[in-house]
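Structure record follows, encoded as structure tokens.
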Amino acid sequence: MTLIQTLKHKIGFGTDGLTKRKTVTFGDTTAVSDGRMWSFLSVFVLSIAWYLGSALELVNPIFWPAPSAVWDQFTAISQDGYRNFSLWEHIWASLYRIFVGFALGCLIGIPLGFAMGLSELMRGWFDPIVEFFRPIPPLAFIPLVIIWSGIGERSKILLLFFAALWIMVIAARAGVGSVKLSKIHAAYSLGATKRQILMHVILPNSLPEIFTGMRVAMGICWGTVVAAELVAAESGVGFMIMAASKFLATDIVVLGVIIVGLIGYAIDILMRKLEAKLIPWKGRA
Amino acid sequence: MTLIQTLKHKIGFGTDGLTKRKTVTFGDTTAVSDGRMWSFLSVFVLSIAWYLGSALELVNPIFWPAPSAVWDQFTAISQDGYRNFSLWEHIWASLYRIFVGFALGCLIGIPLGFAMGLSELMRGWFDPIVEFFRPIPPLAFIPLVIIWSGIGERSKILLLFFAALWIMVIAARAGVGSVKLSKIHAAYSLGATKRQILMHVILPNSLPEIFTGMRVAMGICWGTVVAAELVAAESGVGFMIMAASKFLATDIVVLGVIIVGLIGYAIDILMRKLEAKLIPWKGRA
Amino acid sequence: MSDLVVNDVSMVFDTPNGEQVQALHDVSFSLKQGELLSILGPSGCGKSTLLNIIAGFLAPTKGTVALASTELHGPGSDRGMVFQQGALFEWLTVAENISFGPQMKGMPKEKIDETVDHLLQTVGLQDFGDKPIYELSGGMQQRVALARCLANDPDVILMDEPLGALDALTREKMQSLVLKLWKETGKTIILITHSVEEALFLGEKLFVMAPRPGRIKKQYSLPFADAGLTQNPRDIKASPEFISTREEVLSMIWEMEEEIMGLATGTGG
Amino acid sequence: MSDLVVNDVSMVFDTPNGEQVQALHDVSFSLKQGELLSILGPSGCGKSTLLNIIAGFLAPTKGTVALASTELHGPGSDRGMVFQQGALFEWLTVAENISFGPQMKGMPKEKIDETVDHLLQTVGLQDFGDKPIYELSGGMQQRVALARCLANDPDVILMDEPLGALDALTREKMQSLVLKLWKETGKTIILITHSVEEALFLGEKLFVMAPRPGRIKKQYSLPFADAGLTQNPRDIKASPEFISTREEVLSMIWEMEEEIMGLATGTGG
Amino acid sequence: GDKPDTVTVGYFLEWPTANQIAQVEKTYDKVMGVNMEWRAFDSGTAMSAAMASGDVDMAYSQGLVPFTVAVSQGLPITMVGIAVSYAENDNCVVSEKSGITQANAKELEGKKVAVPFGTVAHYKMLKVMSHLNVDSTNIHLLDMAPADSAAAIARGDVAMACGWGGALRRMKAYGDVLMSAEDQEKIGIRVFDVISVNNKFAKKHPELVTQFLKVTNDSNSSFLQNPEKYQPVIAKASGLNLDDSNQVLALFDFPLKDAQLSSDWMGGTVQSYTKEVADFFVLHKQIPKALPDYSASIDSSFYQKVD
């Protein structure tokens, strides 16, 4: 009985005890559960529709490929690669660019944000710079960056660095700003020096904001790397999509888009897990 | 005396009464004021450096143009236009795409988000779809969208629609979720019908979240439109930047980037003002 | 007359892991029109559950609730609710909040305006009709909540810790307002509170509830509410009679709470 | 002996529009080592300002503060602070929070462990050393805050509404803990509170402060703190002497608050 | 100066040239005594930018137009030789559906045309339009890489698409060239790619530049003498299949040293033609200004030293 009930609840059939007794549920969002049953149905119906749509040749495969075609391309590309690079090399090329650009963005952005949060001089000095560059989409820099540092890895990493930098500056500044004065005062009263306060109070205290910034920056970087590879690259998932589209190979394009989606999702999940692990106190202070 | 003091405070020279009496200020973020004085200095020094750098020909204008060159291009282009379109037409082309794509995204996204927030069936049905498409950067769709609907306005608007859609769905869903149950219960006890509760309680109550979503979506759309115009366009600020770069006209590129930055900033300011006007209760509930 | 009769009400919740929680067990009582009942009890003893059942938001697993001899199913405008705070509509002005109920029912505009004016007067907010809600202090907001509830002219008013978020001084003032409204309108009122002082001072009747299963442990009939209409509240609260009842109820509740905490964790505090 | 002497302290804030606020006006008093002073007063009367001056976070515009005949400038580990909540370090465990002061000073590890063990015992958290802060209840967190402050062995402990966020039952327990620690350690303690009951029960001395300008309006010497070390707190608080003092102080404060509110807005509540 | 470890040269994919024999056989590396790094580009403008940023030392077969644009804008690069001359392999294709020919070319006005900006194709297209009395400002010009244009004309999104190489051949499946190369030559259009060098590099390592030209020249003459032998090598290196590669090679001409130094090429014609191209672009408001004279950026002295 208990097992069955738990199971029913898990797959979304059961409702909790309170919801069952409610007389009005419209507008009561606590009564709206996941509805996983419907999710299964939705995925199932859409898959069938995709399969049938292409099996009955209702759509031109140039516009939307058959599931089998996408799958075939996946097996083919993961074995033989695409345009001189294996699938994993393409994925790795994109990930590598992100990680380096993102890491540089953090490396410069976080200390700068800290300085801006802690010192009036730094805040005043860099505020106009940050405010000016922040609203510029990193992709608008593509032409400039190509002139500055060519079309190699360096310029893609520079773009990603730009994409991450401002987000991290602002996140770190917000992190510093979120430190409760009473924590600082407590630390001073416990005999801490300025340096100790920076390392043992301000830094750990701003980790939640910094991590939120990192998650946003990762998302933006992922979007930017795909777009940056649309322009001049010889590897990367974005390049793969773009190159395939030039030959109207819609199956590869769709495969690429699915890969982009899955990796983006995986990165986000990973960051959340990492956050839960590293900053367990987040939201519970 | 009072006037001078107020003035000093306005331009950032004065500190408030409390800060003046503090013995420790490091780590006390409430004591870190705007430092507007330093901002002025910063802008001043950077302008001088830019001017001198190009006057003394320290930098090749291909890498970074002289301020006068950028200004000349601005006057020239605002008078004679660039590539058959006036400057205002370029700006308008980008803005038009954003507004249409963004409006469509809101038009579909908000009701969908509402439905997902209010009904288990809708939530379950659309959850996997939203979760799948959300992490895909809209630019990854460029090739697919070109295959589907060509290189005209329609495909650019479709991209922007994609960029705005998921953000608005999630914002509207969050908005519905933020309604306090006690408000819903109060409304029922006051004799409201379901329809009245939707229109008079849930809708106004979720406006703050929806507006936040709109601001984010606008930012993303602005980044996306510039990038979308890098591919195949004949007008738009992104096109202007890209076309100029083909002729190594760095002054136009920089002008374009500045325009992009200013408009992005202006849009954000406008949205904030609108928000303060339309949702004055935000953050004060 | 519109008497409220709660008959043998039980509420059992199924928890996700298949267990059952007895939130209310065979609760029965009746209130005549115009009675003021206050309910006290430790956290989790089913106070809010009981109020929600009477309001019609929850269906009891057993028993019935009837108002004026009609059995109740679902919420209705015959029972008004006042919550702890945050249940006002921030996007409306004070007057618009108060007129929400009549508006929804499509009452003619003139009549609405008249009602609103009168109610603003009653709760002492005559100059605040056009103010947005969020510019009001917590106490003023609760005045609006009372007026909004009265605008529908309900038979019963249900209040779940309405003064819980106010500071001591404001709270004292609001207690007097509740007494005044009770007297003037002759409504039946049920008021949940965590403050023993407030429960004693406002309740004509007082139920002390106990948890596991949720039930009425002790009932009191009290003289302080009636006295409060004429005498100085400070004097009443300092009277030996008040203090001795307070000590009695206080020890009863603390005993229960210590028991609960002892069950929950090893160390208290 | 480490007496605390506050001599003729005034604090004037310049507001941005060029006006001046007299937050404190010629405040003088001295405390012998081991005295427990509680401070009451309406909002804005300068209680926190006074505490911050003693702690060394603010420099007074006039007057001096001296501890053990040494004039104070800036914060130091001879004066520990306990805040209302949220001043613990969430990223550290209970034991790490308590050892923060000694760690910063580079005390040897063994000695730190010893101190921490002892303090965990003292505040009744012996089994919670490895727990993260955020898993503790509000009352337990304040126990940690007390222990963290004691770890540095300060001469004076300054508390700004330390029990303000706790529920009634926990609050009562913590009051007894404060009394116990005061007795055992012989520290000088200054405690700000908004609860008249708490101020009377804990304070050996009590200052009632008044605003505009911030000053000490009345001083009391009270017997209840000493009695609290031996007698049942509930009995003390129900004694006629306690109640009459409470009524006196209460009316004094409410008079001041009504005055302030009357100045601020037309309608109270 | 000190010899660098590697020399980076930009080139095009799907662009079969005779020097790829030396590229495959690593003759460059041996003769010059350095590591050659070949970097593929998809436009000559990108090559210019890459040389400006210092990423690339030399460009083999940069289009004349991107070279002219770069020099006009003050980029420090110099032409040191001619890579390949071609006409028929760079052209504009009108879509079959549009029904447009030279006779009714005016109908292109108001229609969409895809052309890679700042390239030879762009120049040719503008020049042809003015010859046919079509007002190019009334055409909706889209800046697209040739491969994208091929997809666009296949979908029927554009009335005409311009490009070169493999993409041009794909375009021809959906239409015909508007004007043949032969006719274009009659109105003074020449199409060729150049060998350009970053000035700093040329100044520091003139001997490397000369050696590069020598190896290239040797390759060209080897190919001329024995095309059959080398065709498969070139096809493989360019990433095309043998048939396609040969079709393209048939349209290519690789001038040898004597021809290059003659008045037909760097002996004067190239200088004046470059000026003509630049002036034409200024006229069409594609670039703000042209240099009064381009001979300073065209240096045949390196080729003269080739033995």
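Per-chain numbering from 1; labels A, B, C, D and E assigned in written order.
Here, a residue touches a chain if its C-beta (ideal position, glycine included) is under 8 Å from a C-beta of that chain, and two chains touch if they have at least 3 such contacts.
What you see is a predicted model, and the numbers here were worked out from it, not measured in a lab.
**Q** Would you say A-E or A-D is joined by more C-beta pairs in contact?
**A** Taking the two pairs in turn, the one with more contacts turns out to be A-D.
**Q** Report the inter-centroid distance (CA atoms only) between chain C and chain E in whole Å.
**A** Using C-alpha averages as centres, the distance is 85 Å.
**Q** In whole angstrom, how far does the Cα centroid of chain A sit from the Cα centroid of chain E?
**A** 41
**Q** Could you give the separation in Å between the centres of chain B and chain D, each centre being the mean of its C-alpha atoms?
**A** 47
**Q** Using the touch definition from the top, which residues of chain B touch two or more other chains?
**A** 24, 62-63, 146-147, 187-188, 201, 231, 242, 245, 248 - these are the residues of chain B that touch more than one other chain.
**Q** Considering chain D alone, which of its residues make contact with at least two other chains?
**A** As it turns out, chain D has residues touching two or more other chains at 57, 75.
**Q** Pull out every residue in chain E that's touching 2 or more other chains.
**A** 49, 52, 148, 151
**Q** Where do chains touch, given as pairs?
**A** Between chains, contact exists in these pairs: A-B, A-C, A-D, A-E, B-C, B-D, B-E, C-D.
**Q** Quick check on the complex: what are the chain A residues that touch chain D?
**A** 180, 182-183, 185-193, 196, 200-201, 204-205, 207, 279-281, 284-285
**Q** Give the list of chain C residues in touch with chain A in this complex.
**A** Counting only chain C, the residues touching chain A are 11-18, 20-21, 56-61, 73-75.
**Q** Across the complex, what residues on chain B touch chain A?
**A** Going through chain B, the ones touching chain A are 12, 24, 26-30, 32-39, 41-43, 46, 62-63, 117-121, 123-129, 131-133, 135-144, 146-148, 176-177, 179, 181, 184, 187-188, 194, 197-198, 201-202, 219, 222-224, 226-227, 230-231, 238, 241-242, 244-245, 248, 250, 253-254, 256-257, 260-261, 264-265, 267-268.
**Q** Show me the residue ranges of chain D that touch chain A in the complex, using the header's touch definition.
**A** 55, 57, 75-77, 79-81, 83-84, 86-91, 100-101, 104-105, 132-134, 148-149, 151-152, 154
**Q** Using the touch definition up top, name the residues of chain C that touch chain D in the complex.
**A** So the residues of chain C touching chain D come out as 124-125, 127-128, 137, 139-140, 143, 169-170, 173-174, 177, 234, 238, 243, 247, 251, 254, 257-258, 261, 265-269.
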